[in-house]
Every structure is written in structure tokens, then in C-alpha cells.
Amino acid sequence: MQRALTLHQTTIGKKVAMALSGVILVGFTVGHFLGNLNLYLGQEAMDGYAETLQSLTPVLWGTRLLLLFAFGVHIASAISLWVRNTQARGSRYKKRTDLATDYAARTMYWSGPILLLFVVYHLLHFTILPDHPGEVYRNVVEGFQNPLIAGVYMAANVALGFHIFHGFYSAFQTLGANHPRYNSYRRDAAIAISAAITIGNLSFPISVLAGLVTL
Amino acid sequence: MQLRSNEPTGPIENRWEKHKEANKLVSPANRRKYTVIVVGSGLAGGAAAASLGEMGYNVKCFCYQDSPRRAHSIAAQGGINAAKNYQNDGDSVYRLFYDTVKGGDFRSRESNVFRLAELSVQIIDQAVAQGVPFAREYGGLLGNRSFGGAQVSRTFYARGQTGQQLLLGAYQALSRQIEAGTVEMFSRTEMLDLIVHDGRARGIVTRCMKTGKVSPHIADMVILCTGGYGNVFYLSTNAKGCNCTAAWRTHRHGAAFANPCYTQIHPTCIPQAGTYQSKLTLMSESLRNDGRVWVPRKKEDVTKRPEDIAEEDRYYYLEERYPAFGNLVPRDVASRNALYVTNDGLGVGPEVDGERRGVYLDFGDAIDRLGEQTIQERYGNLFEMYERITNDSPYETPMRIYPATHYTMGGLWVDYNLETTIPGLFAGGEANFSDHGANRLGASALMQGLADGYFVLPFTVGNYLGEVRTLPPLAEDHADVTGAVTAVEERIQKLMNAPDPKHAPEHFHRMLGRIIWTKCGMSRNKEGLEKALRDIPKLRDQFWREVKITGTGEELNQTLERAGRVADFFELGELMCLDALRREESCGGHFREEHEENGEALRDDDNFSYVAAWEWTGTPGEPRLNKEPLTFEYVKPSKRSYK
Amino acid sequence: MSEELLNLTLHVWRQDGPDDAGRFETHQAKDITTHMSFLEMLDVVNELLIENGKSPIAFDHDCREGICGTCGMVINGVAHGPQKLTTTCQLHMRQFKNGDEIWLEPWRASGFPVLKDLVVDRTAFDRIIQAGGYISIRTGSASEANELPVAKEIADQAMDAAECIGCGACVAACPNASASLFTAAKISHLSLLPQGQAERQDRARKMVAQMDAEGFGGCTNHGECEAACPKGVSLRWIARMNRELVRAMVTADAPIESRKR
């Protein structure tokens, strides 16, 4: 008796799971970035925004659980595909020349774990073990005034940009949306969204370092 | 040897129906008790194995390629004929039959040809239902074109890859049967001998090309769909692996070989560029619709760039010699005239073995008249293919072309049931001789392969098995089986251990090919054929003495595979020359220089209206000739003239 | 028509059999004319090896006109070599320069075990087709061919997908050794046509299950397969296969059984 296959047990199903969970994560990233723009409105706006979020307990925890689930699915599928894909090659090529792939696609298996480590650090830094509980604006500005911390955030956001670029572009393909007439728009959209998030997120530590945002 | 064609009699329109009605049948419940071996998985073999498996027979299918999808049927570009009359231009089964008999220069069997034309209609239905993506018109219905000078548009096509798509259709049908368990597929497995027991074909001996293991396979009957023998010329448009070994081995067991000298030479191939060349590439004949064929008028101009040769120094020999048809004369006439002008030292292109074998096909006028755009639309992919191989752009400089062997009309002699002279041994597709006579019309090869595979063999196999009922079991340790296995093993050992090993098999194959091409090609004469018949046995002896194969027989050994095939080409090549020598007439593309009238082929219906079926006597070069007389009740022989 | 002579250094993967570890061997190819095809260059090297009593380099090839799909090797890290839309057998030596070093490797994939040197076993592709890459039509039971019109655009798309020659370059080029392009081409060809509708969902599920069972990797959308494909088979068919599979898996009454290699 052979086992029965469900969608998620196929390689395509795993990619579909990655694409769908990825869409959730990208959606969150966009919302997160938009919320953080409060930084430019000053301490009051930022802390007030944080407080509002905290007060909406069911929404907050609902979002957190959804994100946790999306992360879980994304990471589990990635690991399972990675193991499979490594085994599928067998012996390695002595010479290998890439024709079509790009830096973002090639480095997904690096940018992914980097982002995971960053998310853990980011949560510890601002959410779980903040220096000044409740004072989000102060935590951010004090944190980014340290060039080392700012550097970590900037590096991670560059990785995020690449990861989202390939992930977003590729999700369309995985979910079956590939049409010669619209493919260039798909690419443009991936560039736009990954660039917007990266540049926007980089602007926070840069503004702090440049002294444009201060306590 | 008795040659009984077993054709039905009566009105030709009813012969196949009548024959099917008289057929013996095997009941569905009994079919799985019969094992049928099919050798080859091209259009004929793949279609036969799939259809027989589907009917319930226990089928074993063999191919030398790594997958049944790769048989050389895949390379056919142009299309497949069918008398559908979708274009309302007056086509009919009768007209297709008529054109095929006439095109074959009255050397084919009328009953077979009529059946082929009749079945052509069903083939298209079958292929479309399988998902073959034939070209379509904007209304969604199937498109047709006129092909090879036909006066009706009856050719169905799938871009330039009709053979590929039809083969994939058959391959997919075969795959379905493999999945269903009715067909067992043996790829990378080469048939090296036939097992004959009690006068009937009862199995084959194969060599596994991965491990070298030689094994017998016992069955109730054997079908060969092993393609043609064009590679006897060494350079041909065939795939490198195409060979005559399976057919030749059965010939040595008593299967008559018919009309071996009938080979088709295609006029528009890319010429040989050097002695190292391994194969020739065909380009569609449609190129002659707009290209003008010429050579320099003066010998001293042959090394000049064609652009530097003045208009009055260009010899448009087809236009001058055949004003009515010009560049569109039939294949054989175009080919033969290219030979004559190059024989006169007017050939162009690189010198290979001291000769320039090429003529120009010039699109300059066509580009001036129609514009580059139109030419590109018509021939863009062909021009690209030409440039890829030669590095010359036909938009800028004339193409160079030269004839090359493309198809072999000769093959195993079969009756109306496609049964050879060995009971229980059948042959389909290019491997048999049956339907094309002395010359094959364009877009007819695919038609014949599929007609044999899908529609003829499934009936006649049932008839044979229904007639013999039960055959006595044949054990693997029976002397007829072990004897065949031992013979194969001994032959491998003999090849591996030549007394004075010097050269790879290709070395000898090239020399054999040169003899066959120059002496038994598109133009032949008594003197040349007699010389070939003296030279081939000498070269064959040298081959057996000096062939060098490294490695062992018990592994993947491509040199050994080739050596075995070359050895059989030597014997076949000799038979071709003998057949050509005895056929004292010019028919089809086979010009006997002694038999001509004002430079045109002169057929001799009084003395040569027969199929030459050669019988093996035990000694190469000394076969016995049997004649199957041909009668023409419907299409009366007439003379071809293109002047 | 200008001709040059090349002297080349070949680093060729030699492997005696499926269980051998394999190694690179260096051979010189001398006086190779630029008009030779790549395989003719190897023929010359091999004939010399045989005359010197050495074992020739085993490589697969048959039609030598780019349609049968038998040939294929990785040349300097690129499946089928440097010329786009060209099989190994159609590659000519004018693509190389005098003194070039050329690395020759087999298709490397667990789904394609090496049989010898550059020859690999691609029967996995046959098994993927056997799993469902056909339209089940009994010989002789087809209806009249023009009964069912097919829009020209759809027929052309089906032909685009059907051009696949099954050479395996997609697997060789894919960083994950995925057979997605091959499988997708056949699923797309048959799902586009009206004749292929009855088995459409079953076909997608079974062929994908077989593709996975053969040990090929998954698609991660690099596009290397499309770039290496000698017939230019498009990535869009992979997107279509994904659609076909999701729809089939989601709407099926019962899950299908997994398949064996």
C-alpha cells in the first residue's frame, strides 16, 4: 500500500506553500514599514502608534499567530526543498556557468537564514528585551545611534530587499501567473516593492545616524 | 523460393475490406497468451507495439536508442499525406493511389499502394485524437499544403517537425501501454539475430548495450520495424545509429531482400565540408521553389567567390536543360544533373578527396523580386540552419547544395500481410520494400510507417496467430535458441579479436560508403558496379582482419556496436551493387547510364517489371534472384518526361 | 567560408560505470577545423584513441541534426555548450578559439545516473510520460479529425510546448536538477488541446507525482532551464503546470497514490 499524496507533499505544493506564506510575510513587511513612518512624525506619534497597536490585543495576537504560522510554513517548506534539491544534483559540476539566474535568486538560501536570525534579534531588541519598555521612539533612536546596530539593520534590510525581489517575482510563477504579455509588469512590480521597502527601511537608521531624527 | 504476394483480387477499392473479412481472428481472452516481439520503436514499430498491446497481446518492444521517443522517424520535416480532400481541390483515395504508383515509376504493388492511400485518412484522425498539434487555419480546422510537386494540397504538417510530433504521438500511445503492463520495453537493446524454430520466427537474440549481456527472447512471432539502410553510404541524412543489422540477420535466415538498389537521393542537402564529416543534413525541397540552381560555366571560376562571377558566366543548367520545369524538376533529375556538372569539374565549395561536390542555389533574384522579408518568412528557419552549419548567410551569398541519400525504398520482401518469406516474421515501415516502388513521393514515408503500424499489422498479426493457433513451447535451452546465442557471442568475439587490429570501424565504413556512393548512387554503369563488386569483398576481408575495438564486449562499448553494423553493411552493400547490375534499366532515381534516351531515364517494362527478391545462399555475393512479377490493372505504365 | 585550424585541450569526465567514482582526463585535440561540428571533433579524438589502443570517450548522439534529443553534455559549465538554442550535435567548432580549454561533463543529476563517461540514463523521463503523458485513444476509434476545431492560437501554443525533444538539458542546467520544464511542457501541450481535457486533472497529478518520485529537485524559478533549452521551451509552461496541479489536487475527490521510481 503506497501512501496517498496530498498537494503539500509534492515539490510544487511546497513551493505554493512558500509563495502563499511569502505573500503574507511581504504584506506584513509593507504594513510594518508604513507604521514605522511614524518615526518621522516625532516621539509622540510613534509611541502613540505603538500604544494603539498594543491596546488592540485580539488583532495584535491574531497577527502574531498568523505570522508565526506563515514563518513556520515558509521555513519548513524551504528546508524540505533545500534538502531535496541538494540531493537531486548528486555530484557537483566542476565548471558551472549561469545563464539566466540572478544574484537574488542564487542567494535565497543565504538571505533566508540571515533574515531569520535578524528577525530573532529584532524581536529581542525592540519587543522582548527593550532598553526602555514602552518608549518605542527612544529605543529606536538610541539603538540606531550606535553605528554597529544601525549597520546590522541596514545589512539585514538589503538582504530583505533581495529576498523580496526574487520571492515576489517568483511567487507569481509558482502560483501560475506567467503570461508573455504581462511578465515585464511582474518584474517591474517586484523591483518597485522590494526597492520601496528596502529604501524606506534603510532611511530610518540613516536618518538617525545623520542626526535628522533625534531624541 | 515461392513468392506469394497473397493479394486479394477483385475491384481494388474493396480488396482490403475483403481481406479483413477473410482474416482469422484471435479472441480477446486468448490474446494475452501470445507474445509478440516488435523490434524498433519508430512510427511503424511504436504504433504497432502500442496497438497490439492495447488489443491485449503480450508485447515486447526493443530499440537501440535510450528511449523509444528517439527513433529516426523523428527527423522527418515536411509532412504526411492523406486523401482527406479538405481543400476541395479534387483529391481522393484513388488520386493518391495513382500519384504514388506513378511516382514510384511503376515498380510497386498496386494492392498495397491502394490500401496505403485508403488508410491515410484514418491516420490523420488517429493522430489528431492523440493530440498531435498539426498546423491549423484561423477557423480552427486543419491546414494543408502542396508538397513535392503534388497538384493537390494533401499534406498535413506540424511546423517543420511533423515526424517528431507523429512519433511522439505513437511514443505516448506506447508509453500508455507500458504503464498498463501490456508492453515491456527494452531500450538500449540491439537485436543481433533471429531465432528460427521449425521453420518459423520464434524469437530474437539481443545484446544489452549497457552491460553487453547477450540474451534470447522467445515469442510467437517477430515484427521488424527497424528502418532503412541509408547508412550503407556512410554519409547520409540518417541518424548515426540507423543500421541494417536486424534486417540483414533475418535475411541470412531466409528472409528475401527486395530491390536493395532502390535508394532515394535527395537533391537539396548541405554538401560535405571535409573528410571528417559524419553525416549530411537535409533541407526542405521547397527551397527550389524560389532558388535558382547554377554552377560556373568555366572550370577556372570554381574557386572564385560566387558574387564575382558575371551573370553570363553562370550556367543555370536545370533551366537550360529543362525549360518547362526548370529548377522544379523531380528529385531524381535534379540530383543526377548535379552529379553530371560536378563530374565535369564545375562543382563548387571546398575540395574533399580531390573533388568539389556542390552546386549553387541562389536566392539573389528571389530577394530582388520579393524582398528579403518574404524570403525570410518562407525560408527563415532553413536559412538559419544552413548558416549554423556552414557559417554562410544565404541572404548574402548563394547556398551550396548537393544530393544525399535520404531513404531506402528497398527492404525485406513482404506479402500483402507484411509477412516476409520466413513464416512468423513480419516487417513494417521503411524496413520493408512494399509501397514506394522505385521512388518515394514526398510526405509518404510517415504515412506508410503509421499505416503499417496502426492499421495493417494489428490485423495481419491476428490472422497469423489465428491460423497457427498454438505453437509448441520453445525452451531457452533448445538447440535452436542456444545455437543462435552462441553464434552471436562468437561473432562478438571475432570482432573483438581481429588478427591484425589497426583501425576503428569508421575507417572501413567511410571507404565502403565511398564505393557505394560513387558506384551505386544516383547514376550507375556496368563497369563501375563490376568494379565495386570486386572491391567490396576485398575491403570486407581487410575489415575482418584489421578492425580495432578497444575495451571488452561486456560493457557499454560503442565501437563494438558500430563494428557489428559495419560488418553487415559490407554484405548488404555488395547485394545492392549486384541488384543494380542486374537491373538493366533506368527507373525511379536509379539511372543506369547504358539505358537512356536523349539523357532521360529509359525504363524497360517488358523485362524488368518485377520485384527482385534476393535469397541468401550461405555465401555473401552469391545470392539467388527470385522475381515477383508486377501487374498494373489500374494505373497503366507511362513514360515520365520533363523536357 | 573561411577556415581555421584549432588546437584544443579537453578535460573530459571519464567514468567506467554507474558505480565508478569518475575522474577528469585530459586529451589534446589537434588540427580541428572550424567547420567541424563539436561531435565530429570528438569523433576525431576517439578514432585516434582507438588506434592508440585506448578507450574512446563514450557520448550519446544519434540524428546529429538537433531533433532526436539523444546528445547532450555540459560544455564549460553550460548544457549543450555556448551557442543558444543549439543542441550539442549542432554546435560547431567556430564557436571556439585556438588554445581553448574545454571542460566536458555529463548531465549531473540523481535522476540521470551516469552509465559511462558522458552517457547518462534518462529513462526517468520515459517513466514520467508513462505516468500520464498521453491521451488515451484506442487505435481506430478516433472521430473525424476536423470535427473538433482548435483555435489557431491554441494549436500554436500546444506546438510550442510540444517542441520539447526530451534531451534533459533543463535538468542538467537547473541548480536543483529539476525536471519541471520537461514535465510541464507535456502537461501543457496536452492540457491546451480539447482532445486532452478528459484526463487533464489525473494527468497533472500523476506526472508530477512521478517527477517527484524520480528524485528530481523542485523548481525555484531561476530560469536556467529555459535559457539552456535548445528548443526554447518557455517557463510559462511551468506556471501552467503549477496551476494544473493545484486545481487537480484541490478539486479531486480523493488523494492519489504516490508513485515508485
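Letters A, B and C name the chains as they come in the text, with residue numbers starting at 1 for each one.
Throughout what follows, a residue touches a chain if its C-beta (ideal position, glycine included) is under 8 Å from a C-beta of that chain, and two chains touch if they have at least 3 such contacts.
All values reported here derive from a predicted model rather than from experimental measurement.
K.L.:
Using CA atom means as chain centres, which chain is nearest the centre of all the protein shown?
P.N.:
Closest chain centre to the overall C-alpha centroid: C.
K.L.:
Which chain has its C-alpha centroid at the greatest distance from the C-alpha centroid of chain B?
P.N.:
So the chain farthest away from chain B turns out to be A.
K.L.:
How many angstrom lie between the CA centroids of chain A and chain B, rounded to a whole number?
P.N.:
Averaging C-alpha atoms per chain gives centres 62 Å apart.
K.L.:
Give, as an integer number of Å, the spacing between the C-alpha centres of chain C and chain B.
P.N.:
Going by mean C-alpha positions, chain B sits 27 Å from chain C.
K.L.:
Which integer distance in Å separates the CA centroid of chain A from that of chain C?
P.N.:
From the centre of chain A to the centre of chain C is 36 Å.
K.L.:
Hunt down the residues of chain B that sit against at least two other chains at once, touch-wise.
P.N.:
Where chain B is concerned, no single residue meets two or more other chains.
K.L.:
Could you pull out which chain C residues touch chain A in their complex?
P.N.:
Residue positions touching the partner: 11, 13, 22, 24, 74, 76-78, 103, 105, 108-111, 173, 175-178, 205, 208-209, 211-212, 215-224, 226-228, 234-236, 238-243, 245-246, 249-250, 254-260.
K.L.:
Would you mind writing out the residues of chain A in touch with chain C in their complex?
P.N.:
2-7, 9-16, 81, 84-85, 87-101, 105-106, 108, 166, 169-170, 172-180
K.L.:
Any idea which chain B residues touch chain C in the complex?
P.N.:
Where chain B meets chain C, its residues are 47, 50-51, 54, 65-70, 72, 74-75, 84, 86, 122, 124-131, 133-142, 158-159, 161, 164-165, 168, 171-173, 175-176, 178-179, 185, 187, 210, 237, 239-241, 273-274, 276-279, 281-282, 349-350, 388-392, 454-455, 458, 502-504, 506-507, 548-551, 555-556, 558-559.
K.L.:
List the residues on chain C that touch chain B in their complex, please.
P.N.:
Touching chain B from chain C are residues 1, 3, 16-17, 33-37, 39-40, 43-44, 46-47, 49-51, 53-56, 58, 60-65, 67-70, 83, 86, 90, 92, 94, 115-116, 119, 121-123, 125-126, 129-146, 148-152, 155-156, 158-159, 162-163, 165-166, 189-190, 193, 195-196.
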